[in-house]
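Next up is a structure, given as structure tokens.
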Amino acid sequence: QIEPLLFEIGSTERCGVDLDEPAPFTARLGGLEAAAPVDLPALSEPETMRHFVRLSQKNYGIDTGMFPLGSCTMKHNPRLNERMARLPGFADVHPLQPVATVQGALAVMDQLAHWLLTLTGMPAVALSPKAGAHGELLGLMAIKAAIAARGEGKTRDVVLVPESAHGTNPATAALLGFRVKSVPARADGAVHLDDVAGLLGPDVAAIMLTNPNTCGLFEPQIVEIAAALHAAGGYFYCDGANFNAIVGKVRPGDLGVDAMHINLHKTFSTPHGGGGPGAGPVVLSERLAPFAPVPFVRKGADGQLALVEQAGEGSAAQAFGRLTAFHGQMGMYVRALSFMLSHGGEGLRQASEDAVLNANYVRASLADLLTAPFGDRPCMHEALFDDAWLKDTGVTTLDIAKALIDEGFHPMTVYFPLVVHGAMLIEPTESESKVSLDLFIAAMRDLAMAAKRGDVARFTGAPRHAPLRRLDETRAARQPVLRWTRPLPVA
Amino acid sequence: MRYLPLSGADREIMLERVGVRAVDALFADAPADRLLDEAPDLPRRKGEMAVERELGGLAARNLSAGSVPFFLGAGAYRHHVPATVDHLIQRSEFLTSYTPYQPEIAQGTLQYLFEFQTQVAALTGMEVANASMYDGSTACAEAVLMAQRITRRKRAVLSGGLHPHYADVTRTVCGFAGDSITSLPPDVAASEDIISQIGPDASCVVVQSPDAFGNLRDLAPIADAAHRAGALLVVVVTEAVSFGLLQSPGAQGADIVVAEGQSIGNALNFGGPYVGLFAARSKFVRQMPGRLCGETVDAEGRRGFVLTLSAREQHIRRDKATSNICTNSGLCCLAFTIHMTLLGGHGLHQLARINHANAVALADRLAALPGVTVLNRSFFNEFTVKLAGRDAAEVVERLAARGILGGVPVSRLLPGAGLDDLLLVASTEVNTDEDRAALADALAAVLGEIVSC
Amino acid sequence: QIEPLLFEIGSTERCGVDLDEPAPFTARLGGLEAAAPVDLPALSEPETMRHFVRLSQKNYGIDTGMFPLGSCTMKHNPRLNERMARLPGFADVHPLQPVATVQGALAVMDQLAHWLLTLTGMPAVALSPKAGAHGELLGLMAIKAAIAARGEGKTRDVVLVPESAHGTNPATAALLGFRVKSVPARADGAVHLDDVAGLLGPDVAAIMLTNPNTCGLFEPQIVEIAAALHAAGGYFYCDGANFNAIVGKVRPGDLGVDAMHINLHKTFSTPHGGGGPGAGPVVLSERLAPFAPVPFVRKGADGQLALVEQAGEGSAAQAFGRLTAFHGQMGMYVRALSFMLSHGGEGLRQASEDAVLNANYVRASLADLLTAPFGDRPCMHEALFDDAWLKDTGVTTLDIAKALIDEGFHPMTVYFPLVVHGAMLIEPTESESKVSLDLFIAAMRDLAMAAKRGDVARFTGAPRHAPLRRLDETRAARQPVLRWTRPLPVA
Amino acid sequence: MRYLPLSGADREIMLERVGVRAVDALFADAPADRLLDEAPDLPRRKGEMAVERELGGLAARNLSAGSVPFFLGAGAYRHHVPATVDHLIQRSEFLTSYTPYQPEIAQGTLQYLFEFQTQVAALTGMEVANASMYDGSTACAEAVLMAQRITRRKRAVLSGGLHPHYADVTRTVCGFAGDSITSLPPDVAASEDIISQIGPDASCVVVQSPDAFGNLRDLAPIADAAHRAGALLVVVVTEAVSFGLLQSPGAQGADIVVAEGQSIGNALNFGGPYVGLFAARSKFVRQMPGRLCGETVDAEGRRGFVLTLSAREQHIRRDKATSNICTNSGLCCLAFTIHMTLLGGHGLHQLARINHANAVALADRLAALPGVTVLNRSFFNEFTVKLAGRDAAEVVERLAARGILGGVPVSRLLPGAGLDDLLLVASTEVNTDEDRAALADALAAVLGEIVSC
């Protein structure tokens, strides 16, 4: 059933909030008041409830079924974390209250930092970025600032990015005025030391490497690459989107990383929420730490926690200013810390192991029917297949994705990483039970056999069991309709 | 561990299927000497009750706004959010869904984004809005970058009435990106001559209204001047409830409007997560950053929605993208949309009237105190008071000790600017007459305690 | 998709709760400990979340669509009320704490009582019944006690119940040892004074009358019936299930009522919750008030509120003891009071008017296609149709109900009241918007026309768009399977 | 008004369709002289914020259990409920659904009821369980009525260890229904000779274990005696967590088991709503009160669930029904089921062990105080202490004044029974060592303050 837009059922004559008339007052609006209220209809409370509940019913979520979206890490979102984030002591606190009245909030930031530093083996962390890409921005800014401080600001302006990288990597580098050079993809899915070494030189500011990489593999030569880069005067930015595979198993700090963002929503399970809000704290090496932006938390001699908010002074002498108003995503900090405390060190390690085991279980269970670009080698937290096995079937990777919807599953990530033809990237995460994986595997096997026996119609018409069937994305882009407009009155 | 569904027996069976003896065989690509032998040195797992005790204990060490008379603003406002809002955003299908890249099973998210865009466009008086940004401050920096792309000019002019954090974020981001920024000095009285700063090299002029000191700015003359110079007017709003009462930025000539949407539907959250509103004239739509949701039809001709114009975005365009941004503030903009749905235009108008009335009442009461001057000629729900030579930061500390969160000292935002005796005071619909009386009484007492600085 | 039973996917090897090992202790269980834990599988937290979310998706609720279930009053459940009931000061308070530590809870009971008494025009209320039927029990007990106190305990043992009454009425009377005599149904849907008068005598203890009645009509002779009953020495028990139609418009106390239960979940919108919990406070006349059971709240001379918990003493000298442990449905009291405070007196009156208007709008909009047993007269809060209009179509009332499911609506109440053939009882409540009513009316008209033009297949196969199609209730009753049992191991 | 979707204009159009001028025309059947001219004399409508203030103010006048060391039990226990439970029961599709009379669109409710019945049957050791009752006390009365229907005898014997409220409810309801009830005197030491009370006229004997004073009762001999006499054994359990550690009533020979399920999944709620568990041998199923959910198939042969055996119920049988009951405790039994799903048998066992360990630790600590005697030889998580002649009610008041909720004085349940120096003390998994120390210290101090009664 189509749910109307709220504007189509709303009215300007009712309201879902009861507001009293204020006591008489003389406005001091300097003549800038609007002539009339904004023309937006309202719904009463019951209508509002129903409208959004019905909309929600058109969505798929982790809570409704398996969500094996590779690289996106859709894991369980504990409701304990939601409850903790809503404690008035966290949710109902203003960012600019006197610091004496927010010692608990600062302690959350301090504890979160401690966990992140211990898990990454890094000496410093900047908490404020509001998403992974925002963290990348911070990391590359710190690198740029460090290079400028070394007097090489004019000459070191190249950032190396593997072809398999997330799109945010080159976008971030370009935004900051870096020239982006690609590191080619190799048949084994890994970044090779030789390829990197061939690009290194006095113009190279940094490499942006994802580890485990977007093919689901731990970069085998990562230590050597980091060393080569450092020898050439560059910095190693690690895209930490896949940190969830190695938490408690390997510390990025032991691999030579200079900066790495951590998507709290991926690794530490703050809710994805249909696309945000995220949080992307960045851990930094000794060499980059001085360039972290404000604000940060410092413990005073009296044991009180303080906020350093002003760049250019004291411990923030080399800091480069703010990346956001206030202090970052407090609501996400609380959730992530709650997740960490619940797991403990050993639980986080177990979670990584289970995530890797789950992915390999799926990989091994489909290996006889699907084709994997890098052969039968183990993967980390996500299993990557290509579309060679679909050759001549008339079925595409996209068709498989849409057909999975009909089987009751969210599709895997498709056509990413770009370096693999018709990629299907499956990340079950540690939250899936064996029962659930077995059902998914059975559905995938059934689809694979259907494709191979030529049951094309099952795929091209998919999805059939979804609120809508395939949408016309071309039309949306060609004649963009980006908002509702009140229809003209019928003459 | 309660979140991990695999049992020991499951793991054994699965390892066998995978064909390895132990899970460490799957980590074989990691350098053996860097693989940790045991769990990191961190506390052991805690049950729910223990986590609640630990985090509850930390929460209790914060003075929550709702427990005291509360008057802080400066870009983050305490409003009453209906229970319906928080209930709905916690629905599994919203909370645990992903970016709607599979539109067939994400129409819930997509439709509310379309509704959100419509609401934001209407409120700002603009033609198009995106599906939200991280917050107002980052949206401000993105607006300046966008103006640069549109005008191909590299100097932005920032008003001295712009929230200092917003100015800082913009200077930082745009500075790194190679723009030059002309920041006017702090402009307490809204008396700066910004028009003279708009030269032929200016990409845009960034003006906030209500400004960081609470003043309402007449934007139309600035818009005219900017447009004459081939520059864009970027308008910043940090208090979205003000849209209910004031002429829209669009009506006054803005080209891009960015705003902090926290006030509608979202809690204070100690500063985040918030939701950035971003709207512009439709001719600039292909230069906008962030996600856009558009209407289309499905294979059976039924109306549906998809993310669109993604050729602007990083996952398609990589280093040619309009922005590196890859997320929005989904749940926060859902909260905004639900709260706005309950309010509608008329409800927001009434809410804004109450806010203004409360602020007027507070201003009158404080102005009556000896040693206190209200500096604003105009304001919405926040204004600046001068405390006759007292250090506002110290005043605020002493008020807090008396159980009153009395405002934001300007020096917190602008240290060293010589504005130490200025205090920003906000009053929304949550404040009662008793709150105002408590602040006035306490302020009078505190001012009597401390000597001039 | 079928959701497995939790036992089919659960395991005894995992757990959704983390519990530490207690410090060593010596058990003092007197040798009565079990040899092994109860054989019940558990799910981890992510599996639990998904299992129950998926189950919920097979349910229909007010929040998901119109729920026009006559007599059941499915109205909007404000989430404010849920939030209020969960305040630790209400939810986390023990019923036997010292009364000095629960003054706020007692004040809620006191205020709720004040609202109920004011709205009903009655002098006393007993709050503790846990549902409407429980309230009926209380009311008839009070009547029985009052009769016994008059010395007529042996002789007055008849309760009159109209044929159109809810089944709980005769069941309650029978449970308490009353003989039940039926008051016949009349063609106009009303109970007639003449019929009642003919049954009155020294053996009649009470009449149980629903007002507005289950045909959706205000009993026109209710005042006269009450007077006749009183004159004959009987009591008037009013079934208050439909009080929501007249709140703020008519006070039952002004009609001669001696006792009436109020379903807080119907009139004051505490959630139905798939069948409970309910709450059924009973208002009592002066004559019955002394017989109310314990506990009740009394204001002391010092302004402190006290709980009278012991029958047989002081103000509870004639009370007949307890109907439940502790003090009743506190969680429901808070929700109901929150609902009342939100409406205010004028809002409750408006709600009744809107509920009646909505029902009449539906009635008037369907009057040309459907048949109404009592003609074209206005109804109160629910519109009643019979199945005369389905004659010879091959379509039954049940078919209409099931076909409504396919249209996206919950069915109306069917085959109740029993006195109307193939009854369809439609109660929109005040929570439905005109837009929503118009959609419902359109669907009903469409179905009506389909039935009349002989499109029988649309009905007999319905529902098609539901998690399941029609269920075999006979089989369930004949071979009852009331619990899951572990399957025997495969040999 | 925010809950009412009709606008004034809507009402006009609708009245026109109905064919009346004003809504009062629709109230024409009501006696004109009884129709109120205006709204009742009650406060005006309040916005959400005002309601929150008013009810929040009342809530703040209660001392909540979680804010202090807390040791009350006596049929209502404070346990930790996982956040998942309360989240799930608030889902719209559960919260705002009706009794599942339309099974095609109520499978969510029906399946969890089936799961609930299975859990309750397993915990109680019985063959069948119903879909819940109002609470434990009303379930107890229903069990006695059911025994009467089965045995066609009219005298029930209630143990002196039965919770006094349960005994009172049973006496009240069954008394009105014409049964005779033999209530044994309060039995603090579990030493009553109940077997001798079971004559050939007895329908049932009702025994609670753990009993009202915390003692564990050996039920098997009573079951044997009852069965020999043709009577049924009704077992009452007021603390459902005890099922995790103790032999089940079914294993000990019970015919009907009723229990209060509040402890699993449900808050204290000042006494309600709670959830009554009701289980029995399967041969008695057609005499059971309340709803039963059963398995069946749909028209396509898929497994599904329906309410069944409703020929017992009032809406079908009217005055011939097994009970007048017409509701269950839906959401509370959902909470029970979800919590039990998280726990499973092993988790409940562990939880029960922690409860018992904490109670043992508390008993040892209190027993060490001068003037305090623990009376129980056996107990689960609650026991009775004798306070050497002090009035336990006064002790509790004084403990409360010191910020400790120290237990339930037996006189609160049994006034005038000469048991004024007895205190019931419970300890669950929520109590810490610090809590126990606080109680012991405060109790020692309080006992020193007051003289013997």
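Letters are used for the chains, namely A, B, C and D, taken in the order the chains are written, and counting of residues starts over at 1 for each.
One rule holds in what follows: contacts are C-beta pairs under 8 Å (C-beta built on N, C-alpha and C of every residue); 3 or more make two chains touch, one makes a residue touch a chain.
Keep in mind that this is a model prediction, so the values were computed, not measured.
The chain pair A-B and the chain pair B-C differ in C-beta contact count, and the higher one is A-B.
Averaging Cα coordinates per chain places subunit C and subunit D 20 Å apart. A straight line joining the Cα centres of subunit B and subunit C is 46 Å long.
The distance from the centre of subunit A to the centre of subunit C, each centre being the mean of the chain's C-alpha atoms, comes to 48 Å.
Among all residues of subunit A, those that touch two or more other chains are 11, 14-20, 43-47, 49, 53, 57, 62-64, 76, 78-80, 82-83, 342, 431-433, 436. Among all residues of subunit D, those that touch two or more other chains are 1-6, 45-48, 82-84, 87, 90-92, 342, 429.
Interchain contacts join each chain to each other chain, per the touch definition above. On the subunit B side of its complex with subunit C, the touching residues are 1-9, 45-48, 82-84, 87, 92.
For subunit A in complex with subunit C, the residues that touch the partner chain are 1, 9, 18, 44-47, 49-50, 53-54, 57, 62-65, 75-76, 78-79, 342, 408, 431-433, 435-436.
Contact residues of subunit A toward subunit D in the complex are 11, 13-20, 43-47, 49, 53, 78-80, 82-83.
Subunit D meets subunit B in the complex at residues 2, 48-49, 80, 82-83, 87, 90-92, 342, 429-430.
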